[in-house]
Amino acid sequence: MAEHLLDVRNLSVEFHTASGVVKAVRNISYHLDRGETLAILGESGSGKSVSSAAIMNLIDMPPGRITSGEIFLDGVDLLTMKPQDRRAVNGKRIAMIFQDPLSHLNPVYPVGWQIREAMTAHGLSKDAAEAEALRLLGRVGIPDPQAAMDKYPHQFSGGQRQRVMIAMALALRPDLLIADEPTTALDVTVQAEVLALLKELQREIGMGVLIITHDLGVVAEIADRVVVMEKGALVESGTVREVYKNPKHPYTRRLIAAAPGKGAMHEDEAKGEMLLSVRDVRKTYGAFAALKGVSFDLMAGQTLAIVGESGSGKSTLARVLLRLDEPDSGQALWKGRDLFQLSPKELYRLRRDLQMVFQDPTQSLNPRMTVFQLVSEAWVIHPDILPKAKWRERVAELLVQVGLSPDHMRRYPHQFSGGQRQRIAIARALALEPRLIICDEAVSALDVSVQAQVIELLDRLRKDTGISFIFIAHDLPVVRDFADQVMVMQKGEIVEIGGVRQIFDAPREPYTRALLAASLDPDPDIQAAHRARRA
Amino acid sequence: MTRSLISGALIAGVALMTALSPVMAASGPIKIVLPEEADLLEPCMATRSNIGRIIMENVSETLTELDVRGKKGVMPRLAEKWEQTADGNWRFHLRQGVKFSDGSAFDAKDVAHSFDRVMSDKITCESKRYFGGMTISTTVVDDHTIDIKTQPAQPILPLLMSLVTIVPESTPMAFVREPVGTGPYKLTNWTPGQQIVLETRDDYWGKKPAVTKATYLFRADPSVRAAMVQTGEADLSPSISQLDATNPKTDFSYLDSETVYLRIDHNTAPLNDVRVRKALNLAIDRKAFLGTLVPEGAVLATAIVPPTTLGWNPGVKQFPYDVAGAKKLLAEAKAAGVPVDTPITIIARSANFPNVTEIMEAIQAQLQEAGFKIDLKFVEVAEHETYYSKPFKEGRGPQLVAAMHDNSKGDPSFSMFFKYASKGTQSGFSDPKVDDLIQRASAAVGDERAKLWSQLIGYLHDDVVADVLLFHMVGFARVSERLDFKPTIATNSMLQLSEIGIK
Amino acid sequence: MSLSSTETDPALREEASFAVRMGRMLLADKFALIAALFLLVMIVLALIGPVWLGEEAIKQNLRGRNLAPFDWSRGWIWWMGADALGRPLFARIIVATQNTLMVAAGAVVLSAVSGTFLGLLAGFSSPRVSQIIMRLADVIMSFPSLLIAVIVLYLLGSSILNLMVVLSITRIPVYLRTTRAEVLEIRERMFVQAARVMGASGNRILFRHILPIVFPTLTTLATLDFAYVMLAESALSFLGIGIQPPDITWGLMISQGRQYLTNAWWLSFWPGLAIILTTLSLNLLSNWLRIALDPVQRWRLEMKGPSHG
Amino acid sequence: MLSFIRKRSVASLISLAGLIVMVFFLSRMTGDPASLFLPVEASAEMKQQFRELHGLNDPLLVQFSRYVGDVVTGDLGESYRKARPALDVVTEAFVWTLWLAVITMSLVTSAAIVVGSLAAFRSGGFFDRTASMLSLIGASVPDFWLAIVAIVVFSVNLHWLPTSGTGSVLHWILPISVLFVRPFGIIVQVVRGSMIGALSSAYVKTARAKGVRSGPIIFIHALRNAMLPVITVIGDQAASLLNGAVIVETIFGFPGVGKLMIDSILQRDFNVVLAAILVTALAIFLMNLLIDLCYALLDPRIRH
């Protein structure tokens, strides 16, 4: 058979952990040619990143161990190479960019220096490297490259950092670029730009690109072929189109089904009584104005989605409404009383009605408390809700209500998966029987399939209990199937607010349209259409 | 094993002396290592040992000096002769042609000034304490004759004069850091914390000493001091630990005029009862200490002053070790209603003298053996002082204060008043007969004086049972073999370089 | 119901109890294990020592002073030799264990508790209060510990308790600073915010949510400090302002034996060894704790442990 | 940066003031210098006179206000025992301590960093285990014990080095080596710990992906990041050295500020004690500023 640029055969890697040996990938095989883009699609724990780490020789051994397989680069097995040859391959022939560029760039050296090093490490002269680094920074679209050379990672925005990473990776025009979740941490608009840049550069250099992602949209946008991984096994592979159109493996089907933004949208129901009415709220941190006069109303039993990119002020708004931060001005009428004027005592009472679910359940649950303690803490703080005798039984109820089983009570958060943790967090919020729950990016840290389930759960709770939700997200499709009202924010201001149908079907504001256009659709055809429109 | 070595050391030492001293005397520099640095080099503080050791008679001389090697008593130094006038005052005839190290000539005015300085209240000169309770006036008769009038008459003034260092008239009424004196040496370098250097001067009136230059170093740790002489970093260490004194060629023991005793506070029961005080004395096995915790050469004390002192009473025998006797006395006292079971506290000063901890622990054990209840308490120097000297704390329990007293001056008057007179600052009792004896003895002269002192010593020891006298200590010096030097009872407080020969 | 999720139990592995896991990890680290055992023995000796050998430890025998070690003719109690008063060193070291450990433990507890409390206060209260506390810490920091010792012991008299006080005062800032730093970081964490949203009181947040998180760090610190305090104590005794005879600690024994070092080395060698071994064990143990209590590094130990999965 | 320095200075000034007040009053509660300066036989009059001369008879507050008055005019009073300005006495001694501290710390730091880094790079390896063990032992040895043993072995028995004192270079070897041990033990462990963290960090992964050699990865990428916590510890250790290595100084007859401190404390030479505390506290403050400067140099995030 023809020689591939990259050819991974029966690769198996295992890790020794507290709970014994974990088989991270079990003899998986895939290949990739020059100019081609292969996507590895998988959710957390699928082991999608492990094979790439093996290719880059980045697996720490111990605890890791490669138990079988070969990795051929142009027919040479990387795994049996002599160390120094191996090192010569990294960066020169295979380069890699990572998720979260901030932590992957050395915080204490200027980016210019770091890009240069990629070349000097492989024998380029300092001056040549200097010049090339400058050119690259320009090429990846960093404004004022000359100045940028001497800046430090923390002085760039997330998108720019990723561009720097790309510049660094492509410094030596490698044959193969591995991109591990390159756009996950980025805003949708930025994500689109970065992916576009990658495509461009691929065409320019003619390299093969191996992109690792959990996002069908990204696959549809950039990949030619895709392999799907589940729990360390490769369950399906093929061209993006055929995999999407007729997935064979049930897991793949489930994944595609879970992709947001295809269910039915809510009708604008008749308004119930006014629950919360926010007027002209302002908040500045030092010089930075986070909220520049925000006003909106929320009806009982209604779900308001607030969508905006980082820096739009959506999270600040949540914190202010919960009195985690004090606003500079404005008022928020809650049943006629102004939230911002409440005395500590009144505030304490308000807490019962007004709850929050945080973005990352791993951090929002105290690791030292059992599920029972976590949920029942609500009643320790507000003893009048429930007599101690009833706690156990009520906790069990709540756990069932959020789709966990009562015997999870004795366990600690770290024993659960991300989705389960978020369910616990929701159960905790429900324990106070609130009128309104504010979900700050409550699902964005979760896998797609889990996302769908949690959203479904929230929606069901709304129907059953009539609780109102303020649902904060950075991505439009997520809220589509769930919101009654949608409020688009940008730079601390409301760009557009309206019924969900109106926002999605007839967006008035260009920014809203831009957001819609930027958010990636899992369907390769639709995505292709998007691209065409953009170009 | 240590024991045999020590005695060996002595014999060999003596032999060495007698054999080698007269032989051709070379000359040159030496290094001397001392336990603590002199923080001052003020002549009028020379009576403090750490200062005196360096400047006394080396830099600053006195009118008279006490012969500590022979039996000559008080000898001339800057004064050639002296006589007591009819009215009990003294006339000193000064040596002529003597120059200070700053070149100025020495005459009676300097002596007068030196006295004024000592007595002045602008500075606190230590030597002043020897003139407590008397008024002194000086009259310059001529350049080389001076009359010293004391009120009351002071029979041992010539001896006292061995404590007053003579400074030139120009010396200010404040502590000086560069002592100027008539001695054979002058201070040439003083780097605080490191070294003090004395060098001979050419215009010294007396004979040129063998040691041309003496560098003083300071090390707190005794074994380090010993090691330094051994390694040749120093030539002489006047005080090393008994344990290190293992080399008969270089290590000599000497009676160092320090007397260790337990001061009894007679004012509180049960210590106010003489039987109890006797019992204390009987219960301690002094001999057991010799050669173990206390050096072999040490002498069991029957007085607070060393045997070389005027009026020392050979008739007084130290208490035997007699536990049974002690128990008996305690029983009697108890029968007589004395609260003998009250716990008694021994207060000692940590690092006061070698092995102080062990010695006190041993004494505690021995006293408990005899049926006393004894607590042992170690305190640092400042706190010790508050227990040792008056005013004593009110409401204190019965206390024994372990202390060490130094009298190398050859006359008990420097000890008796402070330790035993009713007004004495460290006196634990008040006894009219004692007061009377002290007063008469201090006023008396010659044999009469001696008689009275020994009477007092006997009375204190046998009748009053004033305190628990333990040992006259011996010190150990390590002397490099190239030196010809034998330590004396005064070596602690005075180290005359001119007495050191070099082979 | 459809919701009871697809993501079922692989993540939901049952987990051994805390104690058992610590035990496993201890087994995994030979050095730490030995250290732990050694300390255990020391603690036992500290408890029974005085009762067991109290008599022998003070029985003097001026004839048999500075008896050399390993002289088996004299009976087991003399195998370490005898001190300047002919008391068996072995007995004395055992008896001294109690004081030595008690002083150290007392000091550590005192300083840890007060330091932690102040730290929590400084970290959680108004900037002004925090400032005051931190300045106080500075003062204590630059206050020469020897001076503190002299002052306290002069005013209160030298006793084991006062010595604890002295030693603890000097160590308070260590805990204070660590705790404060941790609190400042933790109070911003999500689960603290969550508690606030639920309306939890300041105290509840401080003691129920923050303290448990700081605790491991503090335990590690305390273990390390225990060693430090022991050295400090012996140093004080060495300078003659620590424990005073007839009480004994190892440090005191060293300083008493010091003058005999050239001709009876064992007097200060054995207590010195005792100190070194104990501090060493504590250091080893605290290193092990640091890893064992750190979820990120834990695998290093658990990997070596009997794998159970 | 400037405003930061200003803030810090104010803070330390407050602390310093508090320190002085406490020391002044507390120390004066611990006994009477007169009875320590004069022999026990000295008469009450003489002691009285001594106290008069040094103004120790006035009520404490009077004494204190006088002291403060003098201090602001830069006069730290006179040493009772040495009859010379306390400041001179202290500065003399402090120079020695400073040298001792500087030399020791620079040796310790450089050695500890190299050893610690290499240990971290192959953590669990042979070198790591030996290094860790040695450093642990080092951190566990009582320094005075070590000092005595060192003298007995190297000076008395082997005659290699002078027992104590100052003068030649040789005199410095023993004190420095004794002082070296503990900080070295401690810092090695910190370096190792912090380096293990740094080496497992994301940016090191990037560097490896770039194909950078191990040398640069350890000493350029990881080390600089790992240094921050290390510097803090170095600061603490240096501070304790500046406070004076009392015991080592005493045993080696080294005229440092630590020895001076303990002597003056025991002799109740209050002015010297206060002066010594002032000087050392000041030095430590400056050193801390230096430390913060190092932070800023090492980590741009602090700079901006």
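Per-chain numbering from 1; labels A, B, C and D assigned in written order.
Convention: a contact is a pair of C-beta atoms (placed from the backbone, for glycine too) under 8 Å apart; a residue touches a chain by one contact, two chains touch by 3 or more.
Model, not experiment: these values are computed from the prediction.
J.: Identify the chain pair with more contacting C-beta pairs: A-C or B-C.
T.: So, comparing the two chain pairs, more contacts are at A-C.
J.: Just grab the chain with the largest centre-to-centre distance to chain A, centres being mean Cα coordinates.
T.: Taking each chain's C-alpha mean as its centre, the farthest from chain A is B.
J.: Take the average of all CA coordinates in chain A, do the same for chain C, and state the distance between these two points in whole angstrom.
T.: Centre-to-centre distance between chain A and chain C: 45 Å.
J.: Averaging over Cα atoms per chain, report the distance between chain A and chain B in Å.
T.: 88
J.: How many angstrom lie between the centres of chain B and chain C, each centre taken as the mean Cα position?
T.: From the centre of chain B to the centre of chain C is 48 Å.
J.: Report, in whole Å, the distance between the mean C-alpha point of chain C and the mean C-alpha point of chain D.
T.: Comparing mean C-alpha positions, chain D is 23 Å from chain C.
J.: Please list all residues of chain A that touch 2 or more other chains.
T.: none
J.: What residues in chain C touch two or more of the other chains?
T.: Residue numbers touching two or more other chains: 150, 154, 258, 261-262.
J.: Among the residues of chain B, which ones contact at least 2 other chains?
T.: Touching at least two other chains: 223, 227, 380, 382-383.
J.: Which chain pairs here would you call touching?
T.: All touching pairs, sorted by chain label, are A-C, A-D, B-C, B-D, C-D.
J.: Mind pulling up the chain C residues that touch chain A in the complex?
T.: 1, 3-7, 10-13, 15, 189-191, 193-201, 204, 208-209, 212-213, 295, 298-299, 302-303, 307-309
J.: Please name which positions on chain A make contact with chain D in the complex.
T.: Contact set of chain A toward chain D: 56-58, 60, 87-92, 95-96, 98, 100, 103-109, 117-118, 121-122, 152, 154-155, 165, 168.
J.: Contact residues on chain B for chain C in the complex?
T.: Touch residues, chain B against chain C: 222-223, 226-227, 241, 243-244, 246, 288-289, 292-293, 350-351, 354-355, 357-358, 360-362, 364-365, 376-380, 382-383.
J.: Quick check on the complex: what are the chain D residues that touch chain C?
T.: 11-12, 14-16, 18-19, 22-23, 26-27, 29-31, 124, 132-133, 136-137, 139-145, 148-149, 152, 156, 189, 193, 196, 239, 243-244, 246-247, 250, 261-262, 265-266, 273, 276-277, 280-281, 284
J.: Which residues of chain C touch chain D in their complex?
T.: 31, 131, 134-136, 138-139, 141-144, 146-147, 150-151, 154-155, 227, 231, 234-235, 238-239, 251, 254-255, 258, 261-262, 265, 268, 272, 275-276, 279-280, 282-284, 287, 290, 297, 300
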